[in-house]
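Okay, so chain A shows up in both of these, paired with chain B first and chain C after.
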Partner chain A sequence: MTSLAEQTRTGAPPEPGGRRRSRAARGRPRLYLSYGQDMALLNTRPKRTAVIGLVILAALLPFSMPDDLLHLLALGFVATIGAIGLNLVTGYAGQISLGHAFFLGVGAYTAAVISGDPDGRTIGFGITFLPLWLLAAGLVAGLTGLVVAPLAVRLRGLYLAIVTLGLVFIGLHIFREWDSVTGGPGLGRPGAIPEMFGINFAVDGPAMTRDQKLYLLTLVLLLIFALPAANLARSKVGRAFAAVRDRDMAASIIGVSLTRYKLLAFAISSFYAGCAGALLTMVIGFFDPTSWNLQLSIEYLAMVLIGGAGTISGSIMGALFITLLPRLTRELPALMPFISDSVTDMPNVFQVETMLYGLLIIGFLIFEPRGLYGIWVRCRNYWRSWPFSY
Partner chain B sequence: MTELVQTLVRGLGSGCIYALLAVGFVIIYKSMRIISFAQPSLMLAGAVLVSYLATTVGFYAAVALAALGIAVLALGIERSTIRPLVGRPIFVIAIVTIGIDIVVRVIVNGFIGLDVRQVGDPWGLKTVSIGSVLIQQRHLAMIATTLVLVAVLFAFFRYTRLGLAMRAASFDQEAALAQGVSVGLVFATSWAMAGALAAVAGAFVGTGAGIDQLTWIIAFKALAAIILGGLDSLGGAVIGGLTVGVVESLVATYQQDWAPWLGQNFAVVSPYVLMMLVLLIRPYGLFGTPEVERV
Partner chain C sequence: MKARTGLAVAVAAGLALTLTACRGQDDEVSTDVGVTADACPSAVNTDNGCIYLGVISDLTTGPFAPLAVPITDAQKAFWKRVNDAGGIGGYDIDVTTYVRDNKYDPQVHNQVYQEIKGKVLALAQTLGSPTTAAILDDLKANNIVSAPASWTSGWDFEDVIIESGANYCFESMNAVDYAADNFQAKSVMAVHWPGDYGADAAAGVKVAADARGLTFTDVETQPGPDNQAGAIQEIVTKKPDLVIITTGPTDAATVIGNAAAAGYTGKFIGTSPTWNPALLESPAADAFRALYLQSGPWQSFGANTPGHEAMRAAVGNVQPNDGYTAGWVWSYPLKAALEKAADDGDLTRTGLLNAVKSLTTVDYEGMLPPEAGNYAPGGASAYRASVISKVDDTAPTGVSVVKDLFVGPTAQAYDLSKPCWP
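Presenting the complex of A and B:
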């Protein structure tokens, strides 16, 4: 019940059904009875059912799939967290960042140092409690993002892209040279060790294998990370990001502080990247300082663009698609005999795979700028009005 | 003293490579307001083309043919992928050029193979001595070629009709269109010129040690150069390129003695550090025009 005082203050009677935002009019999924209902995370019943169904399906998957596929999916989930981070800064706030690999690396090394073996070849503190190193990885990366952000605040568009690109090269140099932390190129160091409530997720257990445990863990983490991002995107902050993206001049005139929101976008994005980097090394198990290169940044950019810039579900689709792509192209030699699976021959799968990144980026940007999400929207709209064309 | 002069000449030599690439970046930027991230792959393609042609027609003819070939390739790329995107956000076009870079580079890498390829240049690592100073011949060749090319370019922009049209289109595209300038031709020319310059730069990158699949990374230092000079200044690009080359070479010579804590091979990243420092002081580079915005 709204109190009388509040009612007089707002000067309007309480809206009927305004509180129960979940209750939509029967048979009219697109009729919104209140603003809250329109802005809700899952604003229609089919959406709600589908999301719950998908989560249940994903949770049941590890008991019916081979371990190597689960491993790949776990990598995909982690990549999704990173892609969501990049999407926040590039898709929502419109700041092109080619430096994502650097922040992934910062997070990865923070987590590896905190959870690493204290007696090992590289620095480690032996604190393997997962939430702790995950949070630390995110925070350190986020702070690094804040340090770099002043440059970003002063620069726009392509200047920013080039500076973040330079960041990747500088980061790569630091990772290569600081071998007490990173193990040095060619040697590397083990990734973060995930331990929580007495369970070590990174080794085979009596009930479940390593990959099954990691799959479930990353699935839960993905949900934990995706939800705040989706909420952020539909909040005041998300709208401010969109305003900065669409026209920064106009945004600053209507009172959106450019400095503040660009800083915020960079910090949050780097936080997500740091967490994703830490989790990535956790799933892979061992990593080399040279892996945080420009190629990785471009891969994440491809995830965001192919999935759909400015949508969380797009990031999920894009990241899973890009992660599963190598697996799909490995099947090509069986279908097309002229493609070889050896590195030394001319059209080989690795070339096809790399080229597909490029071609997919070009193709999507020219023909479907909204990415996989856009394709999904078109399918949905087609079936919504089926059998009529509009 | 001898060491310093040798370092400076080495720096000017490699700076010329960056300058050529940077001028290519700037020409495209001035005509279309985008940065073509496809330049590294075009540079590599040029170098590979030279390495294949040099065995049959000789190095000099190979460079000329490669410049022509890559110019045609760049024309094709511009016409097929970039032109349909005109009017879309610059961000989109820039990312598409990253996609092009990946595709071209995969194909070119196939022709490089896993080993180092020699481009068949006549200089190798041979040196001439001027007084007590030893200078690599290839660096002298680079400096001479760049001087000639840059002079030709400036003359082109200053004295020819097309050069004037390109300057006009870069100044105000709509006004240029209204005056009968073919903006499409301007786009095409700028890409072709950038491609040719990249090919020449590639050939020079390959002199001495040869090229391998990682050579394309070098081209990104030219990005640091154009940031130094400002995205829309041709002269700035040349000066930026030379500065980057000299700084890199100075760091390579003296950093181990003066600042060993920066680690080995710090010279490789010094252009990017320099770029960030400059941007902190001047967000639009040393010679770039600050953007004035109207709502």
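Presenting the complex of A and C:
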């Protein structure tokens, strides 16, 4: 393979018709004619077309979908930002973190405090300018991540998982007790208020409803957050992450500084988590301090695993899947009329819905351990060699 | 190229416009959302139209599922009885199509609410305070009247929430007044969970203790039987004459059983969600028989008012549980409001909200007096009477009334100009 690649890079003649060398040869999607093309973010034409098509489709959706689905998709987009963050530290750099819920919470409270009502029951500074509180949420969470990261330099594998697990419990305790910031358990506080250029995204407007506005806002933010992550993954930093993940000792022997890259992975991941936490409460509108619990961390790990560890598109698919799954399980029992919808019967639709959630996740990992990304790769390979697929 | 872009934009805009048009609702004079001329899916009166009401409750894995399931079941029975009697204003009421499980999580609550809000006129149940707070702004913005399944004093200040019975704050004031009058209690301790339930009750205890000259101690305790050691220690060392306990049944059994075993002989009064008949089979049963009284917003399952009797007949042969009583009582104001709105010829969301605001009495069929259903804005109209019950092995839910609905002097004099807590 190497010799073939060498050949194509050096020996392939320029295409006729004066085309740029970076264009792929027609019908040979994996034939790269230049290093620049090999390294490009969207390195093949189908990829380019598909991504642009998807973005246009996503941008048109709010005008044809009911508000409740838009609300759910907006939540999914925000979860995606958080999942990308976890994927950077767990999927790319191989550091298992169960503490993601804590960083989400830190970001959420930073944003809520900055944008909160100054006359409200909980502390608030009334600065509702979205880029400001979003950035602050990310930075505060990122700094927290940086403080925690030295632990990761000393520990790895299960030990790191246990230590980050401790973070969730410490965080939960602080969130429960710090009533002036969090509102206290059983009461909570309103989420961050998104305002930008005179538009308040959290209320129904004359032209668009709240959910339509939030959907478009989160879509744009998802693109803004996903692009640098994808960029990071294919650059020097991304390769260093992968080296640390695959064998940290080997990585440090070839000159990858473990301290530096583990710190970096945690800081960036926490930055993403902080932003996601802030946006999450913005979409939901109200949150309780007990929400930032272990279950949330596990959910994000599930997004990364189900989507496919170590891929950005996998994070997107996984996060959307996990966010939409409860809705799906609520719709499924309608197809099974033999299950009672009366709350006093056993089993009823509500119990089935709760169990289905777990069963689907188990089933997924058994039948497709590479996640949604793996399914996508299989489909792609099938059609690539069609009609001679085996 | 320019032309093509222009065309694409035009097509996209056109598409957007038509699709936006599809999102709108039909404009009729007297109804808007959640009311159809077609009969309900399982209609009793097939000629009637249908009013859809949503139910968001804690049905499976949440902490209040043992209470929420009977509440939901009782509401189903309540509205079936209304339909059997001919419905309201030519409409049957459906509370079974849009039932959702919130798992007692504000985020899930909000999601399922978004799912059903475009399809229901009002909410027949929205369970929990933090969960309801997650949708409260939206309820207010869309004028969606909702019956809560909690007794927080904050509900007295929300027009869209139609609560029933005394809130935790008044219930605790009455409990302290009762103990001061009947056991000459000189000191009181509030042992409570954090949050809207426990802290609201504790706020009432403090008000009453100040008013009656009792010494007051506040002990907050986290949910979970293994978290109660601190509270037990406090009770045993400080020996207050009276403990007002606002926790769940399991925690109450831990606290009361262990305090009694350590020689505590004062009285416990628990707010209504503290009690569960199964406690009489627990190791703490004797301690409960000796020391425990229960306060509540109305009489329990086995009482002899026409409303209680109708409820028992409607829910059929079930394990007695005051979840049924609560679900049943909470439904009366919504029924009264729907009848009023139907009489006014305005079954829109705004029409229903106006009907609620104009309600000064509700026929609770004797479960509560009619004036308990006064929904004039503000705290002055809030209903303040509650009951005190004692443990009674022969009663269906293990408690029977010792003092029927009464307002103590503290609650009577209290100026509820804002929620008791926070």
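The definition used in the following text is that the second predicted complex is superposed on the first by the 336 of 390 C-alpha atoms of A that agree within 3 Å, B and C clash if a C-alpha of one lies under 4 Å from a C-alpha of the other, contacts with A are read in each partner's own complex, and residues count from 1 in each chain.
What we mean here is this: a contact is a pair of C-beta atoms (placed from the backbone, for glycine too) under 8 Å apart; a residue touches a chain by one contact, two chains touch by 3 or more.
Just so it is clear, the model here is predicted, and its values are computed rather than measured.
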Partner chain(s) touched by A:R176 [first = chain B, second = chain C, both, neither]: both
Partner chain in contact with A:T354 - chain B first, chain C second, else both or neither: both
Which of chain B and chain C A:L155 touches, first, second, both or neither: first
Partner chain in contact with A:V51 - chain B first, chain C second, else both or neither: neither
Partner chain(s) touched by A:R121 [first = chain B, second = chain C, both, neither]: second
Chain B versus chain C as contact partner of A:M336, first or second or both or neither: neither
Touching partner for A:L60 - first (chain B), second (chain C), both, neither: second
Chain B versus chain C as contact partner of A:F286, first or second or both or neither: second
Footprint overlap on chain A, comparing chain B with chain C: 176, 343-344, 351, 354
Complex contact set, residues of chain C against chain A: 12, 15-16, 19-20, 22-23, 57, 59-61, 69-70, 72-73, 76, 96, 99-101, 103, 105-108, 110-112, 114-115, 117-118, 129-130, 133-138, 141, 193-199, 318, 422
Chain B residues within the chain A interface of the complex: 34-35, 81, 84-85, 88, 90-92, 94-96, 98-103, 106-107, 109-110, 114, 217, 220, 223-224, 227, 231, 262-266, 268-269, 271-273, 275-276, 279-280, 283-284, 291, 293, 295
Chain A residues touching chain B - in the complex, by the definition given at the top: 94, 96, 150-151, 154-159, 161-163, 165-167, 169-170, 172-174, 176-178, 249-250, 253, 298, 301, 305, 343-344, 346-347, 351, 354-355, 357-362, 365-366, 369
Touching residues (chain side chain A, partner chain C) in the complex: 60, 63-64, 66-68, 71-72, 75, 121, 176, 179, 184-188, 190, 203-204, 211, 284-288, 291, 326-327, 330, 341-344, 348, 350-351, 353-354
